[in-house]
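What follows is a pair of complexes built around chain A, which joins chain B in one and chain C in the other.
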Partner chain A sequence: MDVLIQIVASGLTLGAMYAVATIGLSLVYGSLNMLNMAHGAILTLGGYICYAVIVHAGLNPALALLAAAFVCALVGLLIYFSAALPLLRAENFETNIFIATIGIGSVIENLMLKGFGPYPIPQPLAVGGQVVIGNVHIPLQNVFILGVAIVLMVGVAILLQRTSAGRAIRATSMNREAAQLMGVRVGRVYAQVLALSGALAAVSGIMISSIATLTPVMGGDPMLKAFIICVVAGLGNVYGAVIAAIALGLLEAATQYVLGVRWSFATLLLLVILVLIWRPYGLFGKQQVVRL
Partner chain B sequence: MTSIRRDVLIGLVCLALAIALPVAMPGRYVITQSTLFFIWAIVVVQWNLVLGIGGIFSLAQMALFATGAYAAAMLGFYWKVPMLAAILMAGVITVAVGMLIGLACLRLRGPYVALLTLAIAQVMYVLIVNDTDCFTTAGGCMPLFGGVRGIGQFGDIGLRALFPSKWYIAHYYVGLALLAVAVTISIVVIRGPLGLAFRALRDNPGYAMSRGISRFKYQLWIFAVSAFFTGIAGGFYAVHFRVVGPTVFSFSTLLFLIAMIVVGGLGSIWGPLLGAAVLMLADEGMRELSDYRNIGLGLLLAVFVIAWPNGLNGWLQRSRASRN
Partner chain C sequence: MAEAALEIVDASAGYAGRMVLDAITLSARKGELTAIVGPNGHGKSTLLKAISGLVPVTSGEIRLGGSRIDRLRPDQIVERGVIQVPQGDLLFPAMTVHENLLMGAYANSGGLAERLDFVFALLPKLKERRNQTAGTLSGGERRMCGIGRGLMGGGEVLMLDEPSLGLAPIVIEHIYEVIFNLRREGRTILLVEENAVRIAEHADMIHLLDNGRIAWSGLGAELMARPEIVETYLGV
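For the complex of A and B:
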């Protein structure tokens, strides 16, 4: 029983972090058909900015969180204007933007390497203390992460379902041309989505670094996991991505317990390979009918 | 002049220059760096077949290269297979792995292929690096795939014994010969019926299939063809550096190679070679600024994709067309 509580507790924390990292990625793919390979670097950047604001500028942690989200939203906008906008006018957008964002991600990552050094730094934004359920001690940090993640997910859901900007985003991801014909400014939707995805990446980077440590390359793993989650859910399916994120978080916690930490990532990757072969459009994705 | 004649001419001129290089510049550093260039050029030329001609967005080429390198090293280490045979067998093993990956990607399109192949490469890396159980204890604890430290001591192709002080020049010519064969194969594929089928499937899969071009058959073909020389290049890499470690999976190598293709020009015959040469030279030039290497590579990649998606090759062709 205790083991089960332990697995569920850490699985939910992992799943919540992955979900926040994945929502942004999934929104961007849904509306632009763009796989953002710089997502991991933006996520790490968020963690570092939070650290720098708290430690070097000595400001309030809440301000640090906002500052990180703001800067990463700006980076998202920068990617839109410098890469996505010119590439959307040319052919082969999906391939080209993938390659371009690999390059951009590498630039951001190595700039952080120059600025903050290669050594792991602890994330100062952390909550002490723990709660006890049964015989299991759960750090308050995990509860805090879960809370922030739920708030963010509810926020994104309200944004998507209840506001006109959200309606525009949903319309664009359903059918770009039709949305455009109905007067949706698609360019503005793209910019909004990339900024939102940057801000969400920053928050998830802070969460992830607060239970591990900050290193310039820490974004790679969560990004790959976020991609896996997107793929399992079906690229662009935001709500499916949340469910898949939590399921994969629980699965990861369970494999870590059963097989050991070493094999958990490999198991996840094998799983996604199998899912892709069995259902190429994801578990919750609809099969796309290609018209010729 | 027909395009095939032009290709043969360019190829022969490059080959002659490359054969003469060790005479003109016998310095050891130049020769070994050029050998490394040959190895990367082989991989890039074969990758271009999948990526540029086939239009299949596979990132598995480095994983295939690693398969070849590890296969050759393990055959030599565990079964004491002579390295010449081991390299050939590594090529065949890589073809098998490449065809498996091709099968797995068959139902996927575009970015899903990239993610799947990236995931496959990452699984291989994670499994190799995280394996710490001793498989053999001869000469210290060693996991099945060598773990973090990699595999060494697996024999040689004999050129080091044959030319004790000039072995690196011998390796240079071996690399050059392999590259020449790889480029020839790539020209034959691109200009021949196989390339026509690949391009048809890339440009309009529906029409191509309705005309009876089997996607199943040709996708397996393209993975098999491009895997063979990539595997051989991997085996030669193992012999040349005498050790194979998990660094062959590193993201910066992948970045370096993909930048070669993009800078040179995706889908052209000489573009990837040109890109490989330019980037190797630029890398040498930036040696002093090695901290900024990956920043420069990333910028180069992004700028080329955004501003010159056809690469240097496209730029050359445009300037030739405007001259005529």
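For the complex of A and C:
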């Protein structure tokens, strides 16, 4: 029983972190048909900004989290205006933006390397203490991560389902031309989605660095897993991505316990291959999804 | 004669490297039903897309109430009151009927409750289906939802692109009953239809579009009195 509690607790924490990292990526793909390869670098930037605001500026951790989300949202906007907007008007948008965002991600990573150095730094935004369930000691940090992730996911769900702006985002992802005929300014929607994705990436970066450490290249692994989750769920399907993230987090925790840490990523990839053979458009994807 | 709500003056439009519309001039007068008929692939839908700002107008002008709209973005054109119900509905399939209707009022949400009541009174089936996702509706219901969504925009000009396309005759009859009722209520309607016979009796003005040009304009009765035109261009 204790083992099960341990696996569920670890799996939910991992899944929550992956979900927050994946939502932004999925929203951007759903709206713009754009694989944002700078997502991992933005995620890392969020972690570093939080660190800098707490350690160097001496400000409150809550302010640091907000500052990181704000700056990364601005980076999202910068990507829209500097790369996505000009490339949207040209042919081969998907390929061109894929390459462009690799470049942008590389620039951000190198700026962080120059600014903070290559050595791992601990994330100061951490919650001490632990919760004991049975014989299992669960760090409060994990509970905190789960709580923040749930708040963010509920917030995003309310935004998408209950607000006019959210409906416009969903409408644009379903059919850009129809959304335009409803009076939606799709360019503004794209900018909003990239800003939101940037802010979510920042929070995700803070979460991940709080249970690991900050390094300029730390975003690579979560971004790769976020892509895997997106593909398993069906590219662009936000709610499917959340479910897939939690499921894959639990699977990863179970694999780590049963087979060892080195098998977790291989198991994840094997599962992706099986899912894609069974359902090429992902678990929640639809064959006839209209892409932009 | 009523004044023009929408005027297209010597307008040419098309896609990159391919002109579809060649110096089109026509107008949709206030409170009237103006129909564009013609064979498939000769520019009828492109004309509506050009009016909505989805296809660039390369020369000439499009005016709404005397003001040019041909350089505006699609969302700005919707805000000015030109609403299009596109061919094939283009509903948002994962949204409910209610959400689709709300999207119709996205650019102009004033008097939302009254507009919803109006749409539900005109198309009661939509009220029954309001919580159903649009992707699960039947063909006729989808078309009703598309029209209802267009009406939610509360615009000055309602443009409908082949609302009968692919529907069973009985459903088509109902759809046109709704459209003709809107006309009787004084709506300005610009209707694209392949089957001229279907709308000849009710249209205030018919324009025949052939190869991107206006080949003939006149009243419905006049068109029906010209069998050579009907046979040559419309294959009826």
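Note that the second predicted complex is superposed on the first by the 288 of 292 C-alpha atoms of A that agree within 3 Å, B and C clash if a C-alpha of one lies under 4 Å from a C-alpha of the other, contacts with A are read in each partner's own complex, and residues count from 1 in each chain.
As a working rule, a residue touches a chain if its C-beta (ideal position, glycine included) is under 8 Å from a C-beta of that chain, and two chains touch if they have at least 3 such contacts.
Everything numeric in this text was worked out from a predicted model, so none of it was measured.
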Problem - Touched partner set for A:177, first chain B, second chain C, both or neither - result: second
Exercise for the section: Figure out whether A:137 sits in contact with chain B (first) or chain C (second), or with both, or with neither. Expected result: neither
Practice task
Once the structures are superposed on A, label A:276 by its partner contacts, choosing first (chain B), second (chain C), both or neither.
Solution key: first
Practice task
Mind working out whether A:185 is in touch with chain B, chain C, both or neither, as first, second, both or neither?
Solution key: second
Practice task
State whether A:162 touches chain B only (first), chain C only (second), both chains, or neither.
Solution key: neither
Problem - When both partners are placed on the shared chain, which of chain B and chain C touches more of chain A - result: B
Practice task
Please identify the positions on chain A that touch both chain B and chain C, taking each partner from its own complex.
Solution key: none
Completion exercise
Listed in rising order, chain A residues that touch chain B in their complex are 29, 35, 82-83, 86-87, 90-92, 94-96, 98-107, 109-111, 114, 220, 224, 227-228, 231, 235, 262-263, 265-266, 269-270, 272-273, 276-277, 280, 290, 292
Exercise for the section: Sort out for me which residues of chain C touch chain A in the complex. Expected result: 52-54, 73-75, 78-79, 83-84, 86, 90-95, 99, 102-104, 106-109, 149, 153
Handout entry: Residue ranges of chain A touching chain C (in the complex, touch as defined)
Key = 164, 167-168, 170-171, 174-175, 177-186
Handout entry: Parts of chain B lying in touch with chain A, wherever the complex brings them together
Key = 57, 104, 107-112, 114-116, 118-120, 122-123, 126-127, 130, 132, 204, 206-207, 251-252, 255, 258-259, 262, 291-292, 294-295, 297-303, 305-307, 309
